[in-house]
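Next up: the structures, one after another.
Here come two complexes built around chain A, the first alongside chain B, the second alongside chain C.
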Partner chain A sequence: MKRLPGGGRIDRTRTLDFTWDGRKLSGFQGDTLASALLANRIRIVGRSFKYHRPRGLYGAWTEEPNGIVDLAWPDGRHDPNARSTLVPLEAGMAASGVNAWPNIRHDALGLIDLFHRFLPAGFYYKTFKSPSWETFESRIRQMAGLGTLRPDADLLHYDTRHAETDLLVVGAGPAGLAAARAATSAGLRVMLADDRAAWGGSLLWQPHDIDSAPATDWVAQTLAGLDGATLLPRTTVFGAYDHNAFGLLEQRRTAANSWAAERVWMVRAKHVVLATGAIERPLVFPGNDRPGVMSAAAVLQYLREYGVCAGHEVVVATNNDTAYATAVALAEAGAIVSLADARPDPGPVALTAQSHGVRVRPATIPVATGGHHGLRWVDLAPRSALGTPERVRADLLAISGGLSPAVHLHSQAGGKLRWDEPLAAFLPDAARPGQFFAGAITGTPSLAAALAQGHAAGAAAAHALGRTVTLAAPRTPDAVAPTPITPLWFVDVPDRRQWIDLQNDVTLKDVALAAQENYASVEHLKRYTTLGMANDQGKTSNVNGLAALAAFTGRAIADVGTTTFRPPFIPVSLGALAGLRHGKLFSPVRHLPSHADHLANGAVMREYGGWLRPACYQRIGETVADAITREAAAARASAGLFDGSSLGKIEVAGPDAAAFLNLMYYNEVANLKPGRIRYCLLLRETGVVYDDGVVARLAPDRYLLSPSSSHTAGVLAMLRAWHQTDFPHLKLAFHDTTAAWATYAVSGPRSRDILAKLTTDIDLSDDALPHMAFSEGRIEGLPGRIARVSFTGERSYELTIPAAHGPALWRHLLALGAADDVTLYGIESLSVLRAEKGFILIGTDTDGMTLPVDLGVTAPLRNKHLDFVGKRSLLTPDALRPDRRHFVGLLPEDPSFVPAVGSHARVDGRSHGWITSSCHSPALGRSIALGMIEAGRARLGETVEIFHLGHISRATLTAPCHLDPQGARLHG
Partner chain B sequence: MADLARTDLTTTITAPGLTIATTTPGRLFLASGITIAPNTIDAGRHWLAPDRVLALGEPPPAGFVSDVTDGFVVLDLTGPAWPTLLSMASTLSPTALAEGHCAQTVFAGLTLLLAAHQGGMRIFVERPLAAWLLDWLTQAATSLA
Partner chain C sequence: MLLIPCPWCGPRDEPEFKFAAEPALRPTSDVSDAVWADYLYLRTNEKGFHREVWSHAGGCGQFFLLERDTLTHTIHRALKPGEPS
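Up next is the complex of A and B:
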């Protein structure tokens, strides 16, 4: 392994220093971390997942199974599982090996490999059963995985882009470029994505002439001519979804302002050209996981891209023509190369190789490798006499088992694959709608064919959009037809481990065992052995594994089939997928009009159903519990001021508004008089209580609904769905005006005195404005509404004015109420006040099974003769069961003990229900609770056992209303 | 009579190629029973749904009309980078916002109304969500630097 004095597309004038396992090393601008490690003669880059065997680099790009490292950037970024072949080298990087202790050269856990005979596929399904999996789980989980995440949060922002395009071209090799060139010439909007920084794909390391010029010139000319195209270098198309939607991961060269280098694109394309190329698969033979055994295609890339010669004494082993280019290039670079070809007659490529000094051994295959911490020798044997190998000195074994077309995106999009026997490869079957293929994905080895296919695909996409391509297709001299591949799926020697999946440590023996245990389906094989389930997604192991299963089950590969490829093609960080949705931008939150005033008043703000609302207003020296008690007491003693702006305000208008709402609500609403308000339940078709709230009738044809704050959007959607699907003939419409208004409640015995100071033309007398009535008029000169509704049980007034004036009204009411000791109260204090009154909170006291009868609200079912949503469900045997859980009150025996919400109410050790709300009641000077108890209404006065986490206390069942059951305070 | 003055959100966010500024273009009304072509703006009336518009300016003389002037915060995005910001926030193509067009869609995870406005883009966001959206826009705009 060494860096050659010249060659490669690296910038040798820019040296980049980095560290590997604490050692100071250097590379060049343009290196990947992997190429820099190879240039520095780093042989072992990782330890294998299961057996902790030393592993070296196998590949050069996305196919790499071994080179996963812990990587820290100087700016604080950290990736515990960085893929070294895909990471551009940067100065100051600190990389180290993972899955090893104390380090990857000397890994104590390497001892596990000695016991490999006892660790076959599925061993822990068979082994860790007794006494139970949990006995072993924590230790095994500790050993599992590769890198270790750091505990500190990722502070970077991840960028997201959405785009649509006429044509997305995936892969900017010769085929992709030809497609983009043709489509652009016809005026299509084209996006061209390639996962490399440089354009040209295989042309970067395989020199050719195109249109009578060096291919690199053709690439440059083509790119210059792509007018208006979106060019996305270093961008991997990682997912293909329905209707040509794609996920792209762009690795940007630079990022600023705490933005991550990663950007996710979500692209909708009318058409797509998959010019994704092919991935070289390994040969499977004994000892094929030793550091120094590499993909022949990767060896060529390291040589041509980075000027790194991966070995000096090299054996190339192949069963097809492609590895010959590697052998010749290595020989030209000064390496001593011999080539073992499994085919008896390799054909013309062998003559070319021999002319470059490569010793070609036909009908020969590798049968063993040796060397501690890296390759020292290879045993090569004639296929006809595997028992008599010749030992060849080698520090590099470059292998090629043929090409597997990169069909992943086609498969992800639901495309089928077909096995091509002559090519020994899975090819895409019929194209999905709007999908075209070009280049090596079709199995063609020919550059001329790739260019022609690419051009045709671009032209076809243009034609489908009514455009015509007049440009001539790019041309290249025809190459000599290759000698066909001779499949070599594994070597038939007993008792020697042959690796199929390097990343998950799956061997040929594991596949044989799975077949023997009748895991004959490829889907079962995958899950039982974990073949192809590592983060390389089986890019190098998939076909070899299927072929082995076919051999062991006596079937053809076509009959075994293949698993479905799923996104992502390469690992994508969760941060990149989340985009800006983290921290305070994780989820939208609504602010009240008086948000700033609440903060100024010391509010403890919490999120309730998407709204940031005051839980209470904590004063100096108070705990939150103290504040809640003080606020609840003050509202009963004098007056309280509450921000209710988040309560829904849905206006419903039209000649059929009354008829429609009567079909929707459990309660009768058609006989509500204008100016009056009614408390109503809204049910689902199942009869379950979905929401509660007040309904006000503004005019004969106009209502105002006030659903709970978190249910406004849901109630509106439900009403619209019923209107549009079942009652479109009814004339009415809905407007959600919640955001336009600010609403404040003044509640308590002195609320009337405070309101009396208000300048308003609304008659506030009890005759004109009794409980459950409202009036519209001017409030301090502004249009508004005052309603008499109460969720505290006290005389209450709700004032509503345009939202922008809300903060001023809030301050005005505070000033008006100062003499009457008005106290701000928050949601938690309101919850105490309503619990004292036994008023339900939907979703707190009710759940997805609560019917109106459970809450004791049965009159509408008896008296309302019209149909309404949920009615049938209230008449089922289950709804009529006498032992349903009823909403009741509970008084703890110990008045100072507040039982936890969720505590079970038991009798003779059996749960009869549970507590749904509990608190200390300042009005009663004791603890109170509400709950759902079997047949509770018939059992008032009975004592039950309250059980919570082993603690037992006692409570007496009561009516839900703990305070002022006659409701006198409403009028006080 | 007390003077209950308005409290309005006023903010300007600037980034290379982009200015985001709150604006108060006039009164706003939700109106049902008014039919205009889908996703168009006609005399200040922005299409929301079949037979439903958000009307800017004077209240429509007929139909079911609700004054929602205080229900929205209006933001104007100007400068050549507004389509980039749109592509960060929404799947909607900038071409859908040709002059005279609008769309009620998901933007930064919120359902809101986007409208073409003088070569830029106008956002009508519900007042309670405006503070969160401005946080989002402030953060997103730093990516343009």
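Up next is the complex of A and C:
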């Protein structure tokens, strides 16, 4: 192998230096890493997955199974599994082999290959099961996998785009270009995607004339004429989904551009032309994995694209016509070429090859290869006498087992495949809606047919959209009809170490064993042997594998069928799929209007239900626990100030608002007087408590609901669903005003004194504004509302004003309260205050089983005679069971011990329930807890055992409210 | 990813929508436990032609009836509530 003095689409004036396993090498601008390695005579590029056998490059593009390398770019980016055939060479790259120690030429684990007979398919399943898989797991995991991930963060930027188009053309070979050309001429919006940087597909390495000009000219003209089309080079369509939705991976990285180096497109196309071509499949014979055995199509690409001749003494082995072009091209490049054709009469191609000095051996196949660290010889034998081969010296064996149409996207989209016996290939069966095929995917090897099919597909898409193509189809001289393929699935000799899947080390022996063990379904074969998994996805191994299975199970290939192709066609990095959705953008949090003030006040910010809120306000010298205790104590001693702006504010208005909400809420809300507030539960139809919150009646036809911060969207969706689907005759409308208002609670015995300093026209006297009432008016000149609701059990005032003025009011309240020792308190402190009062926290104290009766809220069911959501479910035998778990308080025997949430409450070793909340109560000077305990309300005073991770303590069951059960402090 | 024709907004990508329920009439509260349990928990989950209530949750927020094939993913039609079917 060597770089030829001329040829290829590389820029020989621009030398790029890189390293391979520490060795300094160089290539040219336009090389892939693989072509540069080949030009530098690097024969071994990796070690195989299972047996650690040395492996060289087999392919030149996405089909490559071996050339997976560890690659570091000069800018710090690192890819532990770079596919060398797809990576454009850049100066400063450092590449090295993977799955080998100390290096790929001398791999200590290569000894594993000597024990191959003990490593059959299913070896791991059969061997590492006694005493248990876990015994072996860590050691096996160390040996498994290719490459090592570096722990540092990914330096790449990724992006996502969504697009819609009239026609997506997949593949810019002759068929795809003809389709795009026709559709564009009719005014369609066209997207043309091809995974290569250059346009033209196989025309890049197979010279032809189209429309009486060199094909490269036709490609250039066609591209110039694609007015307004979206051209996506280096873009692989990796997935086809329902209704012509497609996932595209665009490689945008160059040495100059690292921004959005990979971009995923989600494209919805009215029509799609699949001009995806075909992938050459290998021949299967003993020793076919030796470095130096390559795909004939790949050898041609290396020659024509990169000016690299992969061998000097070459044997080409084939069972079809396509490899002849490779043989002739190699001979023209100066190689000594002989060709073994499995067919007895190769036909006219043989004459052409012979005229170029290629020695053609009909009815001959390879039966063995040899050479340490790379190919030295090939044994060729007549098909009729496999036992008497002739040994031929060779440093390259170019093989072709026929073409497999790239039907992946059709199959992914739910399309069926059919086995075509004469072509020995799976072809797409009936097209899915809006889908067209053109070119080699249809099984045709003919350029003329590909151009005609492409043109027809573009015209058909145009026709479906009411447009007409008047352009003439591109033409090319008819080629000589090919000599049909003769299938050669494997060589029938005792040596069954014939590789079917190079990447996963699946051999003919493994398929035979799977068949013998009755893994007769092709889907089972795949999973048992790992055939076609990882990068391959059926590109090279699929047909050979199932043909072998068919032979071993005595069935026809059509009856064996194929596995379902699933996305992605090529590996897609998780970073690319995530796009910008990572870090702060992964799940964006909402900020309170006074966010900056909280930070300035030392808030410990945490996320609660999608909002970033102060957990507490930590002072110098305090732990978080200290801060929580201080804040909770201050709210009871003097006054606290709390930001409740994230509490939901859903307005429900309309003549039927009262009737509708009465259907929705567990509690009666129709008899609520304007100006009054009621605490209500909202149930699911299953009777389970979904949310709790206060409902305020603003006017006879207008309510304001305050669901929990994290449930606001859910409550609104639930109300809308009921209104639209079951009660559409009720006249009302919803409006979520949560973000429009800032709400601050002043709570504590001195809250009244602080409010008295406020400039407002709202009468704050207890007669005018009692507990569970609100008034509207002006607060410091701004429209607002003051409500008497309390989540702390203390006298509380909740002030609501337009969000934009929130920070000003926040600072104003702090200033007004300074003389009364007002203390800021956060969510965690509020959680202590509410636990002292035994107030439930939905989702913390309740779960997906909790009914209102479990919380002791039974009055509405008894008194509310109208129907409401969930009512019927509260009357089932299960809901009426006397031993349901009840919400109760627990007082630990040791007042300094705070039992963990989730601890079980046991009696005689059996769990009777668990703890749902627990904390140190500053007001009581001891630990308290809440929990759900079987028939708990009937067992107050009983002592239970608290069990957590083997630790046992004791606690007494009490009522949930640990402090001020009469509620005197609300009015204090 | 289905392409779903919202009766108000036109064809949109599936992620904009939410499946809501199989269409069912809400029983009155005097039905037996068994009938109520069926309403709450039993789904026909047809393979093939299926009628479902969906909402255009990420769009107009409206609920509608969708007739589709759960096997082939063919969308037959989308109906506004009350539209004759």
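Operating definition for what follows: the second predicted complex is superposed on the first by the 962 of 972 C-alpha atoms of A that agree within 3 Å, B and C clash if a C-alpha of one lies under 4 Å from a C-alpha of the other, contacts with A are read in each partner's own complex, and residues count from 1 in each chain.
In this text, contacts are C-beta pairs under 8 Å (C-beta built on N, C-alpha and C of every residue); 3 or more make two chains touch, one makes a residue touch a chain.
None of the values given here were measured: they were computed from a predicted structure.
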Applying the document's definition of touch, where does A:802 land relative to chain B and chain C: first, second, both, or neither? first
Quick one: is A:728 in contact with chain B, with chain C, with both, or with neither? Answer first, second, both or neither. second
So in the superposed three-chain picture, is A:871 touching just chain B, just chain C, both, or none of them (first/second/both/neither)? second
Given the touch rule stated above, what does A:256 touch, chain B (first), chain C (second), both, or neither? first
Touch count on chain A, higher of chain B and chain C: B
Need the overlap of the two footprints on chain A, from chain B and from chain C, as residue ranges. 162, 266, 268
Mind pulling up the chain B residues that touch chain A in the complex? 1-8, 30, 32-33, 51-52, 64, 66-72, 87-88, 90-93, 108-110, 126-133, 135-136, 139-140, 142-143, 145
In the complex, chain A residues that touch chain C: 162, 241-245, 266, 268, 414, 685-686, 717, 720-721, 724-726, 728, 867, 871-873, 875-877
In the complex, the residues of chain A that touch chain B are 157, 159-164, 256-259, 266, 268, 579-581, 584-585, 587-593, 595-596, 611, 646, 651, 653-654, 733-735, 737-741, 759, 780-782, 801-809, 812
In the complex with chain A, residue positions of chain C that touch it: 1-3, 13-14, 20-21, 26-29, 31, 33, 36-37, 40, 53, 55, 57, 61-63, 72-73, 75, 81-82
